[in-house]
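Next up: some structures, all given as structure tokens.
Both complexes shown next keep chain A, but they swap its partner, so chain B is in the first and chain C is in the second.
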Partner chain A sequence: MIEISNVRKSYGDTIVVQNVSLQIPRRGITSIIGPNGAGKSTLLSMISRLAPITAGTVKVDGLDVTKTPSDVLAKRLSILRQDNRVTSRLTVRDLVEFGRYPYSKGRLTAEDRAQADKAIGFLGLEALSDRFLDELSGGQRQRAYVAMVLCQDTDYVLFDEPLNNLDMKHAVGMMKLLRQAADTMGKTIVLVLHDINFASCYSDFIVAMRDGAVVRHGPPAEIMTSEAMREIYDMDVEIREIQGRRISIYYT
Partner chain B sequence: MRENRPSIHGILILAALATGVIVLFMTVGAKGRWDFILPFRGMKILSMVLVAYAIAVSTILFQTVSHNRILTPSIMGFDALYILIQTSLIFAIGSAGVTALDPRLLFACEVAVMVAFSSLLYRWLFSGSSRSLHLLVLVGIVFGVLFRSLSGFMQRIIDPNEFVVLQDRLFASFNTVDGDLLAVSALAVLIVSIIVWRLMHVYDVLALGRETSINLGVDHNRMVTIVLILVAVLVSVSTALVGPVTFFGLLVANLAYQLAGTHGHRFVLPIAVLLAVICLVGGQLILERVFAFDTALSIVIEFAGGIVFLALLIRGASR
Partner chain C sequence: MKRFLLAAATVIVLALISLLIGAGDLSLSAFISPQEGQYATQILLISRIPRTLALILAGTAMAVAGTIMQMLTRNRFVEPSTAGTVESASLGLLIVTLFAPDAPVIGKMLIAAAFALAGTALFLRILRFVPLRSVLVVPLVGIMLSGIIGATTTFFAYRFDLLQSLNAWTTGDFSGVLRGRYELLWIAFVLTLLAYLAADRLTLAGMGRDFATNLGLRYRSVVSFGLIIVAMVTATIVVTVGMLPFLGLIVPNVVSLMMGDNMRRSLPWVALLGAGLVLTCDIVGRVAYHPYEIPIGTIMGIVGSGLFLFLLLKGRERLA
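Right after this comes the complex of A and B.
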């Protein structure tokens, strides 16, 4: 379980995240939604120790993320941000094998290689595994990074907008994959998503943020209502139930 | 791993080339007694190898932590600081005073000041909310200019005789290397190398960027500080031995990336060191035997190296 208590983040006088207290349950997919500038990515960065916390604590399985050694945490929790640029020339396999670094510190064992193969297979990257990252399309590169964090084999996997750069087919494929990882491997996956319909269809739990605070949280059925959408996005959104799923229609 | 074989081949070929150049340097044009020539040239070779090593390793590590392949430590004002230290010393206590100081103690102080400067600069720039590389470079350039102007100012108002002494210290060549200083430098480089070697696995991860390396469990701030301190020591060593050599590191590092064909620092670092030895010893050989000391080593290296570098860039662009 991820326990967030009274977390605040401010840059000078600007408060980005204010007094967020939240418990993210073990197993399953939790999506964080909300308008731009709501503090979603900042919250995710603080949970994953990428950004310092101004006040409050975050505990992952009882480990305080600011006090636990980084290499211990790297075996429990992994994070993938949206913009990943690499200056060195790496192949997909090289990148995925970096996911084993917390365990092997650069000396790969046979088991590490097997894990890397598994992650490459899981993402369907076998044919691309010897290609260099700079020769891939944005979506392929995104999948390679996802393979890396899955290869890290942590209980908690955090993604900041994993659907960026992906077309419809690959976006659906990615969400199905994450669902599968949560269901079959027992992972706890936390996502920042912009497309609320994906959040509605694939999450077990949705956290809605606005102006640096959590305004609503609960199962998709509770969040996917016109009333909640108005509160979160300040927008009139029609919610329809289509084939048992709540879909919002906000395009016009 | 499948990409290892060509790299190991490359390292062996380069090692053979480097040995060849060193043997040539030791023997070509030798007239007279070998028991004089060998120790005399051996000292030169040792200092060149130390400098080559220091420049190659410091440039590659600096480029790794700054995620940029056209930066060198001199951008951060490292060698300008060295010039400033030398100038202030002569300015404050005079050349007689400086000569009276133990060179080993002086060297230790210089390294300490440079390490303190780099870690301070890093702490100040990276502990805040902004972690902009451009800011770091800009501040480095501004500091470099400040240090150079301060040195220039002091150089203009000191006694002309003192200035000659100072100039001699700043443009020390491989022909006037102090034996004591060489021993201290070798010791410093050895200690740094042990640390560099022990951290070998971290550099590849650091090259992935701050966020990815934190995700993989690397204490990014601490590691970058350590690497910058190592870089500061290496730059001090090379600058203290021969004076500032700026373009050389950039050239060797980029040639090494091109030749290595892999990202692994355990290949790139040895290749860069061997290339640096070949360039430096080869350049000095050409300087001594072809141009009969009529020109400066940096001119030879930068002319030949620049052409190779351009050729590589053009080849890379057309690929």
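Right after this comes the complex of A and C.
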């Protein structure tokens, strides 16, 4: 379980995240939604110790993320941020194998290689595994990053906008794959998502943020209502049930 | 592997050529004749072997240092001479020459290394405040910083009549290398080995702070480690043979295009090509105007700028 207690983040006088307390249950997919500037990415960065926490604590399975050694945490929790700009010329295989670094410290065992193969296969990157990252399309590169994070094989996997750069087909493929990782590998996946319909269709739990605070949280059925949408996005959104799923219609 | 052995064999041949050419005749027949034999052996031991070793050690270390800098700054145009490192080392050396002229060479080297480290750290600090980090802004900032530090150094060198020494530090020249005057370069060799041992960590650091932290790497200590290696290598080279321009820029870029940036795989190539390029330039400098010598810094500047221009035009889309 991820326990977030009274977490605050401020830069000088600007408060980005204020007094967020939240428990993210083990197993399954939790999506964080909300308008731009709501503090979603900042919260994710604080959970994953990439950004310092101004006040409050975050515990992952009881481990305080600011006090636990980074290499210990790297075996429990992994994160993929958006806008990854890896300038190094690494092959897809190199990159994915680096996902084993917390275990191997650079000396790859046969098991590490098997894990890398599995992750490459899971993302359908076999044909690209010897290509350099700078020779791939944005979507292929995104899949390679995801493969690396899955190869890290942590119980908790955090993604900031994992559908970035992906077209419709690959976006759906990615969400199905994350669902599969949660269901068959027992992973706890936390996503920041912009597309609330994806959040509605694939999450077990949705956290809605606005102005640095959590305004609502609960299963998709509770969040996907016109009333909740108005509160979160300040906009009138029609919610329809289509084939048993709650879909928001907000395009016009 | 086959290609690597071939390249290694080429470097060995270059090293042999470097042993055999020079102002003094050192053909094989010289060794056979009894009276010339002793003289030839002396030339070999006192001058040629030290010079060749110095070339290999300096070339290897400088190319590796360039690679580390490019990984840590995540920019392909950065090397010790475009980041203020060399100028800072020279400034440190000037100061220690002024205030403690009798200090042992190793002491001078350490002071120069401390200055090099401070200068490079300053460069990285400035970079953090540059809002728009485009690919070209980074080396431009470095060149400006180098200019400021270099100007300061030149001013004081001029005032205290040390311009000639300054010139020796900033222009690579191996003609003065004799037994007893190059051994400090073995320190650079040890540092190069250390860098190889940390190759995975340095590669990870090159993927950026967030990636590295996610994988449990202590990013800041790895960056500091890399910078200390770069600073010490630069200082050693400035103190012993003088700066080798372009080397740390070209070799890493060529190897990166050839085989990527996984340093566990690429560093042996970087080391080999570094040694090969330096040997070649020095040999050219020795035969072009025989029996006089053109300093390697000059040859390197010509060959290097040409190669660099080629890389810029050919690999432009990759570099950017």
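Heads up, the rule we're going with is that the second predicted complex is superposed on the first by the 252 of 252 C-alpha atoms of A that agree within 3 Å, B and C clash if a C-alpha of one lies under 4 Å from a C-alpha of the other, contacts with A are read in each partner's own complex, and residues count from 1 in each chain.
The rule is short, and it goes like this: a residue touches a chain if its C-beta (ideal position, glycine included) is under 8 Å from a C-beta of that chain, and two chains touch if they have at least 3 such contacts.
Keep in mind the model is a prediction, meaning the values are calculated, not measured.
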* To do: Have a look at chain B and chain C on chain A after the superposition and call it: clash or fit.
  => clash
* Contacts of A:Ile2 with chain B and chain C, given as first, second, both or neither -> neither
* Asked: After lining up the shared chain so the two structures overlap, which partner does A:Asp134 touch, if you call chain B first and chain C second: first, second, both or neither?
  -> second
* To do: Once the structures are superposed on A, label A:Tyr11 by its partner contacts, choosing first (chain B), second (chain C), both or neither.
  => first
* To do: Identify the partner contact of A:Leu191: answer first if only chain B is touched, second if only chain C is, both if each is, neither if none is.
  => neither
* To do: Considering only touches as defined above, state whether A:Ile24 meets chain B (first), chain C (second), both or neither.
  => neither
* To do: Have a look at where A:Ala119 lands relative to chain B and chain C in the superposition and call it first, second, both or neither.
  => neither
* Asked: Do any residues of chain A touch both chain B and chain C, and if so, which are they?
  -> 48-50, 69-75, 78-81, 84-90, 94, 98-99, 101-102, 105-106, 149, 152
* Of all residues in chain B, those that touch chain A in their complex -> 67-69, 129, 200-201, 204-205, 207-212, 214-219, 261-263
* Asked: Which bits of chain C are touching chain A when the two form their complex?
  -> 71, 74-76, 199-201, 203-204, 206-211, 213-218, 256-257, 260-262, 264, 318
* **Residue numbers on chain A that touch chain C, as the complex places them** => 48-50, 69-75, 78-81, 84-91, 94, 98-99, 101-102, 105-106, 132, 134, 149, 152
* Sites on chain A touched by chain B in the complex -> 11, 48-50, 69-75, 78-81, 84-90, 94, 98-99, 101-102, 105-107, 149, 152
